[in-house]
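Shown below is the structure under consideration.
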Amino acid sequence: MSRAHLGLIAVFILLALVPPVAEALGQSSMIRLIGQVLILGMAAASLNFILGYGGMVSFGHAAFYGIGGYVVGMLYHHHDAGTAFLGIIPGTTQMLITVPAAIFVSGLAALLVGALALRTGGVQFIMITLAFAQMFFFLFVSLKTYGGEDGIMVRRSNELLGLNLRDVPTLYWVVLTCAAGYYLFLRRLVNSSFGQTIAGIRQNERRMAAMGVDTYRTKLLAFVLSGAGAGFAGALMVIFLRFASPDMMHWTKSGELMVMVILGGVGTLAGPFIGAGALFTLETTLGRFTEHWALPVGIILLIVVLATKGGIIGLVQRLFGGRK
Amino acid sequence: MSPVLQIDGLVKRFGGLVATDAVSLTVAPGEIHALIGPNGAGKSTLINQICGEMRSNGGTIHLAGRDITHLRAAERVSLGLGRTFQITSLLDDMTVRQNLGMAIQARRGGHSRLFDIAASRVKIWEEADEALAGSGLEGSAEHRVADLAHGEKKQLELLMAFALRPKLMLLDEPMAGLGHLESQEMIATLRATRGDAAMLLVEHDMEAVFALADRISVLVYGRIVASGTADEIRANPAVREAYLGEEDA
Amino acid sequence: MILIVEQFLNGLQYGVTLFLLAAGLTLIFGIMGVINLAHGALYMVGAFAAAWVTLQTGSFWIGLPVGLIVAAGVGLAMEVTVIRRLYARDHLDQVLATFALILIFNQTVTLIFGRQPLFSQVPDLLSGSVQVLPGLPYPAYRLFVIGVGLAVAVGLYLLINKTRVGMLVRAGASNRQMVRALGVDIGRLYTAVFALGALLAGLAGIMASPILAVQVGMGEEIILATFVVVVVGGVGSVKGAFVAGLVLGMLDTMLRAFLPGMLQGLMPGPEAQALGVGISSMGIYLMMAIVLLLRPRGLFAAGD
């Protein structure tokens, strides 16, 4: 286990060194790009928990990501306008409030969607999560007060304990810390009794039910935790980019998150982050050559799905016979 | 001591056909009771009624003194009724030890603990290792279930069923599909793991029946025609005629 | 009153389109157990093929059969190259593979036709109106679409209930193993079902091409509503697709037509408009939520 621990610490230090290295190389834009990858990795990791470990193919995950982001955006909007949400909740840009609020609200949304969707399974579950997510999209597009289609520009950065979050490196390090913390949280979760139960449900739900486990409630709890995690990522993204848009909730975003999960390797902890990096790199690199970058991405994705099992991590494992 | 299972005058009709004809049966605590009979005698029907998957038309069933005649299957399970199935259904990606641990965890509770470390739940793993010792699966503890042979899977199912510590275990043809060696291992596992559980065993494999059973009941055309110890049954002329006629054990 | 009848007919027309799409999709889900996100791509392909040919030749009646052939052909190609490999895979792989297909289709169509939408024309024969009620002239073409949709519904009913192939389809929808045990060439059955679904989707697209702007993304817009119809109607049930398609089509159309107006009384103009549109868009999803609460498997779920 110690080698894995050392590996993690090494990765963390490497990531922490990105700002000074990037600035020295004159590539400051890398800081923002890697920051986004870390946040998307968190969103993908939250999806991976119910997808890879729990076997629940949810196609509506972007909804919770977007809702988390919008909580931050809406709280900013009210803070800026001096109004209160629904007349009672005042706006704020305090990160220590906006982020937990985002986590709570997206978890709540996950509870509502999950309570209904988890009564079904198979293809129905996939379609229902997709449909509900799109419903949230339409809802937020229709709210003109919060920018409607155009979204919310968060002109003032959030505040955190007196840190200057307008300084990109500082913001990046905050994001990195959150990502690292979330990774450790997921690792603990996966190795807990709950994590084992969820894995058992993925492999054989009937067997688990026959042993007396309430599979519906267990899955619902996993779904809520996962949605809250996505909301955490969404909130961070809005704080990072200073922009919230309904596109965050569009079902194609859900698709992107799933692609990240599968590219990196379903059911592994580091996979989603690697997948996020891979997809993001692919999109930006291809995007430089052609505006039709989605075509090669689609082809690559198709090949990856049809030809491999286990994504990038699976490939690495097979090539080197070792474990990451 | 009151019996673990008491069936009185159980009746089941399918239209004009009487599948279970006023069957009365008791199983004492800790006893292994075998139910034998020719094909079509109504053994499966009887088992299904005891489990609660089929409603009876008359008579009563008592589990450890409690009337369970009208309870649903899941409720009977929570009252201490265990059952194995003919077709194995396990957690394929996990190891034998992990599967067993999962069953024990399900019984002990706490399967929704978010922040413990499953591997550190010492009591669960101790119990799992104890259950594996003496069974035919001890050597395969770290093997993935997907890699096991059919006979080993059946043994694991058995271990997991017993891990739930039922008062009464219903075994529906546990020897089905097993070769000679595997049957011997299954018998050993049954002996080693039953603990205090009483068992009602439906079986065709006579060798297993005579090796395990404390008492045997014979079911023919939905009626119990004889009930007693292995020797009594072997000597019973009606039984020999109806069932054991061809075999001279 | 006249307004209501008019919107009722519009709703019927939309509902019939949804039915055409949902019928194919529900059969594919029910019989092959495959979730095909790219079903909307076949709708788009049918629309593009028909629209382009119609614009080139000036005749919708040439565009129609060409569109059908192209849609069926593309569907067959899709089945043979990709979908076939997905039957044995788990749902995640199916979702991702068909998602990839959407990306590929959309970009390929953009490369061929550019980003400008195509505007096809209603055929001259049907360009007039019919006096459905006194004071209500209704576009003849839309009545034609409704007619075609209902005719297809009858045809599908006969196919599924009165033919041997239909029996296999019904059996397969509720019990895949049984069909295999009957010794039927499963591969051919699956291909045929998929091709049928592609044909229906293409037909829906062709019918819609003179009415809507034919553009990339039209498939995604309608596929979500189609999913809702399939879920509400019950996976594997064509009858469910019909009932749910029509009901949801009408619900959606009526909401969009009347809700913003109803809200005008409660709040200022542009906000009422946006909110009205928003809630109308959510309407069918809310309906789905209610149906699921009462019947988690949909209204007419096939099988167990």
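Note that the chains take the letters A, B and C in the order they are written out, and that residue 1 is the start of every chain.
Criterion: a residue touches a chain if its C-beta (ideal position, glycine included) is under 8 Å from a C-beta of that chain, and two chains touch if they have at least 3 such contacts.
In this text the structure is predicted, and so the values were computed from the model without any measurement.
Trainee: Touching both chain A and chain B: give me those chains, sorted by label.
Mentor: Expected: no chain.
Trainee: Could you pull out the chain whose C-alpha mean position is farthest off from that of chain B?
Mentor: Of all chains, C has its centre farthest from that of chain B.
Trainee: In terms of Cα-based centroids, which chain occupies the most central position?
Mentor: Going by the distance between chain centres and the overall C-alpha centre, it is A.
Trainee: Please give the pair of chains with the highest number of C-beta contact pairs.
Mentor: Highest contact count among chain pairs: A-C.
Trainee: Determine the centre-to-centre distance between chain A and chain B, using the mean Cα coordinates as centres, and give it in whole Å.
Mentor: 47
Trainee: Measuring from the mean C-alpha position of chain A to the mean C-alpha position of chain C, what distance in angstrom results?
Mentor: A distance of 32 Å separates the two centres.
Trainee: Averaged over CA atoms, how far is the centre of chain B from the centre of chain C? Could you give it in whole Å?
Mentor: 52
Trainee: Please give the residue numbers of chain A that touch chain C in the complex, ascending.
Mentor: 51, 57, 59, 116, 119-120, 122-124, 126-128, 130-132, 134-135, 138-139, 141-145, 148, 251-252, 255, 258-259, 262, 266, 292, 294-295, 297-299, 301-302, 305-306
Trainee: Can you tell me which positions in chain B touch chain A when the two form their complex?
Mentor: Touching chain A: residues 77-78, 89-94, 98, 101-103, 105-107, 110-119, 121, 160, 164 of chain B.
Trainee: Please name which positions on chain C make contact with chain A in the complex.
Mentor: 29, 33, 35, 82, 85, 91-93, 95-97, 99-104, 106-108, 110-111, 220, 224, 227-228, 230-231, 235, 270-271, 274-275, 277-279, 281-282, 285-286, 288-289, 292-293, 296-298
Trainee: Provide the residue numbers of chain A that touch chain B in the complex, in ascending order.
Mentor: 188-189, 191-197, 199-200, 203-204, 206-208, 210-213, 217-218, 221
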